[in-house]
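Read the structure below first, then the notes.
So that you can tell them apart, the chains are marked A, B, C and D in the order they are listed, and the count of residues begins at 1 in each.
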Amino acid sequence: MKISYTPKEIMTIMAAREIKNGDIVFSGTGISMLAAMAAKKINAPDSVIFFETGAMDSLLEEIPFAVADPRIMYWAAANSSLTDAFATMQNRITGDRVIAILGAAQIDPYGNLNTTCIGDYYSPDVRFSGSGGGCDVASFVPRCIAFMQHEKRKFVKKLDYLTSPGQLTGNGSREAAGLRPGGVSVVVTNLGMMRFDAHTGKMYLDRYYPGTTPDMILEHTGFAMDVSRAVQAAPPTDTELKILRENCDPQRLILGPVA
Amino acid sequence: MNNQLDKTMPLREAIRRYVKNGAHISIGGFTLNRNPMAAVYEIIRQKITDLHLYAHSNGTGLDELIGAGCIAKLEIAYGGNGKAAPTCIRFARAIQNNEILFEDYSNYMMSLRFMAGAMGVPFLPTLSGMGSDMLTTWGFSESMRLSDPKIVNKKLAVVDNPFGNWGGAKKVVAVPAINPDVTIIHVQQADIMGTCRIKGLTFADVEQAKASRHVIVTCENLVEKAVLRENPDMNQIPFIHVSAVCHVPFGGYPTAVYGHYDYDAQYLKQFAAAARDENAFTAYQDRFIFGVDNHEQFLKQVGKDRLEAVAADPRTGYSVNMKRD
Amino acid sequence: MNNQLDKTMPLREAIRRYVKNGAHISIGGFTLNRNPMAAVYEIIRQKITDLHLYAHSNGTGLDELIGAGCIAKLEIAYGGNGKAAPTCIRFARAIQNNEILFEDYSNYMMSLRFMAGAMGVPFLPTLSGMGSDMLTTWGFSESMRLSDPKIVNKKLAVVDNPFGNWGGAKKVVAVPAINPDVTIIHVQQADIMGTCRIKGLTFADVEQAKASRHVIVTCENLVEKAVLRENPDMNQIPFIHVSAVCHVPFGGYPTAVYGHYDYDAQYLKQFAAAARDENAFTAYQDRFIFGVDNHEQFLKQVGKDRLEAVAADPRTGYSVNMKRD
Amino acid sequence: MKISYTPKEIMTIMAAREIKNGDIVFSGTGISMLAAMAAKKINAPDSVIFFETGAMDSLLEEIPFAVADPRIMYWAAANSSLTDAFATMQNRITGDRVIAILGAAQIDPYGNLNTTCIGDYYSPDVRFSGSGGGCDVASFVPRCIAFMQHEKRKFVKKLDYLTSPGQLTGNGSREAAGLRPGGVSVVVTNLGMMRFDAHTGKMYLDRYYPGTTPDMILEHTGFAMDVSRAVQAAPPTDTELKILRENCDPQRLILGPVA
């Protein structure tokens, strides 16, 4: 089988399919923005894109490169503030309708994320940007998609720093800590798609892409993972790819070079 | 901070008067948008040190201040600067090299902390962060906290909901109020008394300003009082909160100021490149900060071409089709 | 409450669909300004009963609803209606005659309670009210509270500041969140999706709307989406919070709607006079509420002269030199 | 001595004199509005009038008849919201500069106010409007002026309902309850002006107007009050009266009939 799409393209499409019509999509920039745009144009026309900086349903004539990009301030339903944006997610009436897209440097078997540092917190080998809104979103939002490159050093048994809570240590520990149900529910990588067991809270392989196998994915994962439920993902359709390429990022600013 | 009719003064004077060595400060804006950059450069030029900076997500200004060694202590949610530097470079180095004391929060926590300060309550509750290392890992030690009355005794606290399970939450995270000595913001319009109009997103500027003992406002346009009074609904900060007003066109450059100019992707890239190398960084600072006397001269050093390239399109408020990578 | 593209419907339908007997509701505005009066009259016309009303200071709408017997339980900060009725007359009578259950709060407490609901936290802290009888005197009994899951278990709670004396306060008053089943507000402009622009003071309308499961918006002008999108800074409520949009010109009359019309001092005086006498009050209701089918007919009953007398001057937003006593 | 002013006029002037230049004046309507306007025109030109409804420094071309009167929304520095307005007072940086003017149905020897009811709370003889912002203002603001008609039934030993805290039971009980120093610090009536002892927190007579005496005032007060410190108030000056009458309320909408 000839694979006629790039890893970025299938990742975007897999994430876009998670977005339902009517969802309020919390978006960062880069590929998460593209997934939100693709969903709106393909399968969820009445979904709404919003940003932690306070813009709701902006008209994105150009792709924004930051969540504070002035491009998100144009033609919004309302321009508000950080406190308003986070309240929209903390508030259950609106927050329960939000789906969020996050990235991270590390993820553990329970979907907890690290965006803070590698090594000791006080004197790290590598320091990252920090939580930003990540911890808030993972605390408030029932469904979060995590975008990751699938590498052993990123899929780790234990995080160097737990920035954004997933299922914590599983088995209901998230709710016991005082958090609402939620956090990362899907992990989309360049190799496949992971979900979390409803009872144990542990990551399992849900879909492997055409051209990958469960074994290949396990080789790139730093912890044991259930792959017994895995099936092959339906590849991006021609329609999905056409809309993504022609209507979402024709300049390939985010998609990058063609396959 | 006062009701004087005319609070205008040169930026140099405002910084000299309100930003003392060791001051607890905050700056407005978000990553690459509406940072009070003219004020940031003036702080660096005046070699003010030992500052305690409260930041939610101030990329550009943050990294300049840290790079120049002005910051001793930092409370922060996010140090990134868009495509040019997903993690702020001098910020990461300063932490990796143990050059500053720092403490991590989430963005909402920091915004709420300013909001608590603005509201005059000791803390606000949130349902964010339980189970995260933000709760358990303090950047400032207990003994440091107890020895400095300007630092709260605990980083965060989990408290029981006094109303049982009301609101579906048995406990909440209490985040302590911040009241900076001075907050500096850059806005599109202000009058001489200090009433401000921000266009586009306000980020946490309003909360930061209202939480502060003093507020320095730099503005693109210093407008007649009547311009603001004709539409009070669009003004977010009334003059009673403001200590100084400085008219500084392009005072947010190289960050974006909605309706006026875009961020300068080229400048930010050049900064990021320089920030990675000590010699290059010194050369950068000598050229753009210490080699000029004030923001007007800085803008001359930047050059007309750059300023024209980022000029905002009047319809969209940003520079359409600008080269950004 | 949803993202449907078109949420417009007749007011009668919106009230029928979202304001059920026994519902917990709140209405926007303040004393004699921007009360959703068309909706209030429609609730009365539909004889909806047993409502639980959360009010900070809704004078005109409050007294009509109480006078008509729609309200069984009331949480309130202030029942007054300007010069015509420094204390709302039907409100005072209902309490004096033991006709409703009621509980007193301060204005800030009620506003914070809506804000807590909008923020999604179980409570917010304030330094208001310690030592007052508001803290110790509950209007709803403990047994009633425990038997009704929609009522919080305690009225208010004094809790320790978990950060010692940080912020200069050893303890705070926690006020519990309110999340009404439905909030009804009247605004100057809305589009068919429900995005709202309020002109002049917003009172607590934004917090009330965002705290609610459903929001009914009545508007003076139903405008094209583009009108609102051209200036997102001036829109306070994005459509995601709104369930129904009803185009009702003069929907705030006889209260004021800034930029459109003033309060009608004469109508309010006539209401106050009628409210003092049972026969007069029945006659008033028969003429202005039950004797008409809808708000259009109500306005005809009121008469063109009155509507012209309260028309706002375009410069000041109110009726200049209007007879007000 | 011929008294050439009305009780309302001297009350307004006495209150206006309490307002210092630079003060932020929390104002209700009626006589409190007039006092704020008079201060601005006579002795405190840079004072700022603001309202609990959220308007700051409005241009009052006509006298508003309610704190939600659209007349206060015109030409303000900012139109905000209830939560913003109260935060301005709760916030110590701005709140400490506020002077507030309140009214009440009852006041007790410690400056506590009742605006809720006469008789039993649950089944009152007379129900009033309730706290409104009164309790908040009395909790937050260091200096509050109370306007009262001086009558025995209004100056009572014990309130039927304590709506707005003053010194509670005196002797530091206000601060012990968790409140900041503040509350009613001056009571201005048709007969004289009362203040509160810094140590005991008890009301004492500070000034009696020309034409009244301490004894006359005690006759109208429902509790024992120290009058030993009382001196006669300086009557309104011609200038004060002229500005009040000609520039503040020329139609006498609030001042009422001339003396």
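As a working rule, a contact is a pair of C-beta atoms (placed from the backbone, for glycine too) under 8 Å apart; a residue touches a chain by one contact, two chains touch by 3 or more.
Nothing here was measured: the structure is a model prediction, and the numbers come from that model.
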item	value
Set of chains adjacent to chain A and to chain C	B
Between chain A and chain B, centroid-to-centroid distance (C-alpha), Å	28
Separation of mean Cα positions, chain D and chain A [Å, integer]	57
Distance between chain centroids, defined by C-alpha means - chain B, chain D (Å)	40
Chain D residues counted as touching two or more neighbouring chains	55, 73, 79, 90, 92, 140
Overlap residues in chain B, where contacts from two or more other chains coincide	120-121, 126-127, 168-169, 172, 200, 233
Touch-based graph of the chains, sorted into line, ring, star, complete or other	other
Pairs of chains satisfying the touch condition	A-B, A-C, B-C, B-D, C-D
Residues on chain C engaged by chain B in the complex (per definition of touch)	116, 120-127, 152-154, 157, 159, 161-164, 166-169, 172, 174, 176-177, 199-200, 233-234
Of all residues in chain A, those that touch chain B in their complex	29, 52-55, 61-62, 65-74, 79-83, 86, 90, 92, 116-117, 121-136, 139-140, 161-165, 168, 173-174, 177-180, 253
Chain B to chain D touching residues, read off their complex	1-5, 117-121, 179, 193, 195, 210-213, 228-230, 232-233, 235-241
Chain C - residues contacting chain D, complex	29-33, 56-57, 76-83, 86-88, 91-92, 95-96, 98, 104-109, 111-112, 115, 126-134, 137, 139, 158, 168-173, 200-204, 206-207, 256, 258, 262-263, 265, 312, 316-318, 320-321, 324-325
Touch list for chain D against partner chain B, complex	22, 24, 46-48, 55-57, 59, 73, 75-79, 87-95, 97, 140
